[in-house]
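If you scroll down you'll find the structure; I have some questions about it.
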Amino acid sequence: MSEEKVIRYGFPFVARFEWSVGFLMERFIKSLVDKKILAAKCPSCGYTYVPPRSRCGKCYAQLGETNLVELSGKGKLVGYTIAHVELDGSGNFRDLEKPRVIGAIKLEGADSTIFMPLEEVDPKEVKEGMEVEVKWRDEMKGPVDFAFRPVR
Amino acid sequence: MPYIKEERPETLSVEGEWNIGATTWKANRLLEEFVKGLKQKKLIGSLCLGCGKVIVPPRNICGRCHRRMEGRVVVSDKGTITCFTYTPPAARGKYKVMGIDPVEMGVVQEGEVLVPVFVRFDGSDSNMSLPLIGVDPKEVYIGMRVRVVWAEEPKGELSDIVGVEPIK
Amino acid sequence: MRRVAIVGYAQTQHQFDMDKTREDMVFEVVKEALLDAGISREEVDTVITSSSDFLDGRTISSVFLSMAAGAYLKDESKAEEDGTSAVWYAFMKILAGTHDVALVEAHTQASTFNPHLVSFYTLDPLFDRQVGLLNDIAAAAIQARMYMSAYGVSEEEIARVAVKNLLNAAKNPNAHRKIPDVTVEEVLSSKLYYHPIRELMMSPLSDGACALVLASEEKARKITDNPVWIEGVGCCQDFYLRDRDLLKLGSLEKAARDAYEMAGVRDPLTELDLFEVSEKFAHEELMIYEALGLCRRGKGKILLEKGLTEKDGEIPVNPSGGALGADPVCATGLVRIVEAAKQIRGEADGYQVSGVRKALAHGQFGICAQKNWVFILGGER
Amino acid sequence: MWRNVAVIGCGQTKHGRRRDVSLAEMVEDAAWKAMEDAQLTPNEIDAIVVGNMQGFGGVAHPDCWVGDWIGAPGKPVMRVATGGTTGGSVGQAAIYAVASGMYDKVLAVAWEKHSDSKEPGATTGLLHVALGNLAHALNYGLSLKHLIVTQAVGAAAGVALYQARFYMHRSGCRIEHLDMVAAKSRRNAAKNKYAHLRWPGCTPEDIAKTEMIAYPFRFGHICPASDGASAIVVAAEDIAKRREKPVAWVKGLAAYSDEENQLMSESYGGVGVLDASEQMGCRVSAMKAYKMAGIEDPKREIDVAEIYQPFPSQELIFAERLGLFEEGKAWIALEEGEMEIDGRMPTDPSGGVLSTNAIGSSALQRILEAALQVMGKAEEHQVPKEVRNAVAHGWGGVTNYITVTVLGDSPR
């Protein structure tokens, strides 16, 4: 018998979920397949949300399909980090063989910031304020799978 | 069934998980004490030295007295049914527990009627939920006297208690 | 308005993977808090606990703990996220006049389920969880970089926050991460997670619990000669990460403003003697200085440079070591309240700051401090 | 000291399978309806209390994300969760927030979106309550058969099954009475446009035809796993008095719980109370809430009750524990039609939890429905009499948590 006062144990079970996305997000996700990024522009205050949403958080106006706008896919890197680790599904940090850049990107025509991978760039050369553009995947690995790269 | 049905469009779904397997729980050693007792066909309970309550299997804290239940007592393996239920005859494909069909797995026989009961063992103040064995559910009643059916060779684990049976 | 005082408290020795079940941990800390107040469980009117289902690895995280928490046949509830939220609730229950004595308990055993994975589970499931890149550390790193480049703050300056707090933690018997001879170099050579965040710039994964006894003025006078009054409370939630200005802690600014107003504090710099804040990452402490109005935006590093926020400085911040010293998630904010109360009562053996009459305690929850709670505490005089 | 509080706005979503909206949009819907009913904009709300059970929808602390949809940014937000009672606890926290004098207008929102889980019903969430204990017992040789016999039966209907047996044994209530309660609930729900299982003209015979799950529960006795959200706005006396629309005053509240009553304790320890239908927590909570409300004889002074009853036996048990009927006599009153919408003591005119169970929201829905009855705004399921006092009940945890809230047509 161990000297420890407690017994540690687990149970191998993964709970799975399927979140319904609502109409605006459905439009957004479907448009990604056509290489388009949709945003919702508030008809009242003009704040533009990407991904789109049904209620303006700033002025509380309701947003609908008529408020959807297409973005150019160009934007500005407002912040970033270089990831040296990643969190695996079990709560452990795995070291990355090659560090990866996570960019905070403000898309042209949008007010929200999205946090996406920044690729085709040496991490040492990443600069805040950099112009970036969307980099579409040849094959999407999930419903939301795209990246950005510096505009050359 | 004639429920009023409302048709609603369904939007697409995205998936994700919650890895419960990444959890490490911690337990105290009271259950370990309890199963050691089972090996000797003894039911161990915890005794609150504040109010005298005896709880089987042993519990750590007495909420009423807000103190640890420090005492240990052996209670009788005879007791009284305080509550019972029964299932309709088991059938393949009828219900699943954690994704497992108990009939398909052979844990429960086709047509078997399960009778879970609450038992208060003599000398204890608690209920233990156990299967009642070898009784037609129609003959079960609250207040029925039962005794533990022990495994032939107790190994010091919870399944040493096979269930309870009526005292004839 | 009724006055409410802290009349007793206790905390565990926070540590990694404690050899105690959460039940024993909670039972002991509650027992000790009641003992500290010198009252019995019978005198408690209401019990508010704080914990989180995902962190505890149990749906209805409070349900098997009510007996340990002393809540048996009592009026009880559970405020999730941070223990300061539970104090806020208990405070309001006493103000409402329906209860006189409240027991507040908060705990997390970070060894149960990695809080960083929980932070991933808090993300927008329709977008950010699908992208799969972010978690609280990654987001904090982005925020830190933005802050550094906007205000010309260096990695060394961020590391210095960690050094200050870890040196303080070394003197606090309840703290978890204790490195008595830690240096800036050591912090900067610790494991890099998301640049610039390194291991010693993030709060440790702690197991711990904390409990507090609150009482109405009338009851407090009977219980203790040394009550610590809750003079002001403020709390505020911010936007989800995407639509938030990450260069400031906007919701903390608002929470602090509300708490100052309620406590009649006009100039926190001169009127408050001590600050206990929840800085989950080193750079956050600089941003917290600014949000609390101790300096202008972007000037946080100057307070640190001048040594003003050292234990023996003019405005000591985190003499206990703060969240960098120990982070039992849901209990962290409650520990700040206890540490501030301890300083006011003059009971911080080994790290007592002299002459503390009024202090501020801060709790936070969510990615990049999305939610904040601020308490202004005051001593008898 | 206590400042009077009134419910001045109510909003809820339609319940059922809601795959047409995201979680955020569903919560938004209820919150906005409540604010519109209270004639307030989010700018005028001082604080928000939210709650749900994280495990059911798989999003941790969803208020961090969903908050932006309900006007949370810039406001104090408290997250409260206590299992089945979550909604009741959320409502009560909002009431205390106003009663304390800290905030004048508080929005309380609670929700659950069961269909977001891939597991059927509410399996993941419910299983996870006890998984920490069961996994421990499995390591000590709990046999699979034993687990199935003792827990699987429970998995269908939880401890409620045993609770029902205890009650039937001690009161003489029979399974026919459970059929009657279930049929009444489905019928009442048919009059409530927000409810989930709506069956106009449902009879006890219809319910009796449904399959037996485990004695005494039939399939027709079980609550659904609904998607839905509910919200209320509570405000201070001076604000409520300026309203032209009717309001519902908070007269008393309590949340005492009896942990000896649990099905299990930490680390698979035993339980203390033999009879799960005793519900000491409910007795104490009712006593305290009535005392605060100045109600001496609930049988006479309470006009309608919204009881948390995922299973029909609970409507009878809690109606008694809330002091609305003589102990052990609720089923007789049921036989005599007293619990019908037009009866002497209508219980769950909305259909209750038995017909709509978005678990985190269900207990807030009880407060909301009680408020609607007091305000006279329950439309088709409004009880046809003057409602001066209504009681709203919540039940949760592992049979231990209780919330009791008394609302009335005049301030305390």
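Each chain gets a letter, A, B, C and D, in the order it is written, and its residues are counted from 1.
Definition applied: a contact is a pair of C-beta atoms (placed from the backbone, for glycine too) under 8 Å apart; a residue touches a chain by one contact, two chains touch by 3 or more.
Everything numeric here is computed off the predicted structure, so don't read it as measured data.
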Chain located farthest away, centre of chain C as origin (C-alpha): B
Note: of the two pairs B-C and A-B, more contacts are counted for A-B
Express in whole angstrom the distance between the two chain centres, defined as the mean CA positions of chain B and chain C. 41
Chain A to chain B, mean C-alpha position gap in Å, rounds to 46
Per the C-alpha means, the centres of chain A and chain C lie apart by a whole-Å value of 30
Which positions in chain A are in touch with at least two other chains? 5-7, 9-11, 13, 15-23, 25, 57, 89-91, 142-144
Two or more other chains in contact with one residue: find those residues in chain D. 18-23, 55, 58-59, 68, 73, 118, 124, 128, 131-132, 135-136, 259-260, 265-267
Any chance you could list the residues of chain B touching two or more other chains? 10-11, 13-20, 22-28, 32, 60-61, 63-64, 98
Touch graph of the chains shown: is it line, ring, star, complete or other? complete
Any idea which chain A residues touch chain D in the complex? 7, 9-11, 13, 15-23, 25, 53-55, 57, 60
Seen from chain B, its contact residues with chain D in the complex are 1-4, 6, 8-11, 13, 15-18, 20, 23, 25, 27-28, 30-32, 34-35, 45-46, 53, 55-61, 63-64, 82-88, 95, 97-98, 102, 105, 107-108, 114-116, 118, 120, 124-131, 137, 142, 155-161, 163
Please output the residues of chain C touching chain D within their complex, sorted ascending. 1-2, 21-23, 52-54, 57-60, 62-68, 71-81, 85, 88-89, 91-93, 95-98, 118-119, 121-126, 233-240, 243, 251, 254-255, 258, 365-367, 370-371
Complex contacts: residues of chain B adjacent to chain A: 10-29, 32, 98
What part of chain A is in contact with chain C in the complex they form? 4-6, 17, 19, 21, 25, 47, 49, 51, 57-58, 78-85, 87, 89-93, 99, 102, 104, 111-117, 128, 142-145
